[in-house]
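Going in written order, the chains are labelled A, B, C, D and E, and every chain counts its residues from 1.
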Amino acid sequence: MFLGKVIGTVWSTRKDENLIGAKFLIVRHLDLEMKEKDNFVVAVDSVGAGEGETVLVATGSSSRQTSFTQNKPVDAVIMAIVDKLDVPLKDLLKKK
Amino acid sequence: MFLGKVIGTVWSTRKDENLIGAKFLIVRHLDLEMKEKDNFVVAVDSVGAGEGETVLVATGSSSRQTSFTQNKPVDAVIMAIVDKLDVPLKDLLKKK
Amino acid sequence: MFLGKVIGTVWSTRKDENLIGAKFLIVRHLDLEMKEKDNFVVAVDSVGAGEGETVLVATGSSSRQTSFTQNKPVDAVIMAIVDKLDVPLKDLLKKK
Amino acid sequence: MFLGKVIGTVWSTRKDENLIGAKFLIVRHLDLEMKEKDNFVVAVDSVGAGEGETVLVATGSSSRQTSFTQNKPVDAVIMAIVDKLDVPLKDLLKKK
Amino acid sequence: MFLGKVIGTVWSTRKDENLIGAKFLIVRHLDLEMKEKDNFVVAVDSVGAGEGETVLVATGSSSRQTSFTQNKPVDAVIMAIVDKLDVPLKDLLKKK
């Protein structure tokens, strides 16, 4: 999974019929300092995530393993909302 | 999914027999400012997308979850046409 | 799918027994100007592609959806030979 | 698989119901000199890995092939703890 | 598939129970000039590959399509040992 931040929504009327009701959120990748990176994905929400929240995103076939996304043409799903990171070995970062 | 813009079509006569009738569209990746990036994919259309439209593309096995693409050798499908983006946290972009 | 050009062949005697008879072609990625990029994959041919031809390559599990590649340990397949590209919005490229 | 080092944990209360009990570890990629690289993933632990340990991570659908991760929306799993690397051809590295 | 060279072995005692007996080889990516690149993967061997040999590696779900890797949490498998490359269009490389 990757760590991301929800920054917005994609609206779509014409879409695959199985995707009616899907909420497409724009999620930017975060680095270990929790800073936004340039890359982002559009992910379907399965846990009630909102803008500004830090989330985990699963991609590929794994994104179809939630009750909502099963058998749907989606390749990224928000499957967890992050409470906090605990990174005791973060100082490893500084040695670089 | 990634955000893209349809910019053209690939024509192919000799192809896997399951792909007869498939419409192969060239889709460039877009950034959050809606500017075209250099990378692109060739995706099968499942929603009647046309040139110039902004779309969502699902890749990998997920691209085979539409009625048209099922069991076909395609790894990218246009599964939604984008009406608009709503990015209230876009100013995050400027802080970088 | 990505757009590529067949530039050569990989020969292998010792391989998975399900791959006997497989033709491994070296396919370089092409950009929208049809210029070869540095990256390449080795793909199994399912459509009779030959050296110098422009092709479409499907990767991942999708590459196992042809009659020849089914249930085989291959992650890239040539599933179409390209006749031509039609890119009316190509001038978008020049604005960059 | 990629070679990584466990450097921390992600805590999440609101998550897909199938993920209750999952341990989300932050794993940084390692290069062949065993130095941490910038990129990282959040992987589910299936072998009792702890912070500071060098591990192997399988991604994609393969990450759902452990008894714990089966049918769950996870795309990265720690499936082995590394004892040591044996790289007799490492001097190839220096020729570059 | 990608073209790689086997340069070493990863030893692991604590691993998923389905991986007992698996041989984890370190495979560096090769370019078309057969020079080692910086990136590498750890792949399970299914064809008796040894250090120094040039191989093909299949990744993702395709890596579980050999008799040994079936249903196992591995995302990269060596499925062919390369005898030689035949690249008549290699001079294309020089035009760049």
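By definition in this document, a contact is a pair of C-beta atoms (placed from the backbone, for glycine too) under 8 Å apart; a residue touches a chain by one contact, two chains touch by 3 or more.
Small disclaimer: the values here were computed from a predicted structure and weren't measured.
Following the contact convention of this document, B is the list of chains adjacent to both chain A and chain C. Annotation: the chain B:chain C pair of sequence copies touches via predominantly different residues, less than half of the used numbers being shared.
Chain A and chain D have Cα centroids separated by 19 Å.
A separation of 31 Å divides the Cα centre of chain C from that of chain D. For chain E, residues touching at least two other chains, in rising order: 60-61, 63-64. Taken as a contact graph, with one node per protein chain and an edge wherever two chains touch, the assembly forms a single closed ring in which every chain touches exactly two others.
Order of chains round the ring, from chain D towards chain E, by the touch criterion defined above: D, E, C, B, A. For chain C in complex with chain E, the touching residues are 5-16, 18-19, 24, 26, 28, 35-36, 38, 40-43, 51-52, 60-61, 63-64, 71-76.
Against chain B, in their complex, chain C makes its touches with residues 1-3, 31-32, 46-48, 56, 58-66, 69, 77, 79-90, 92-93, 96.
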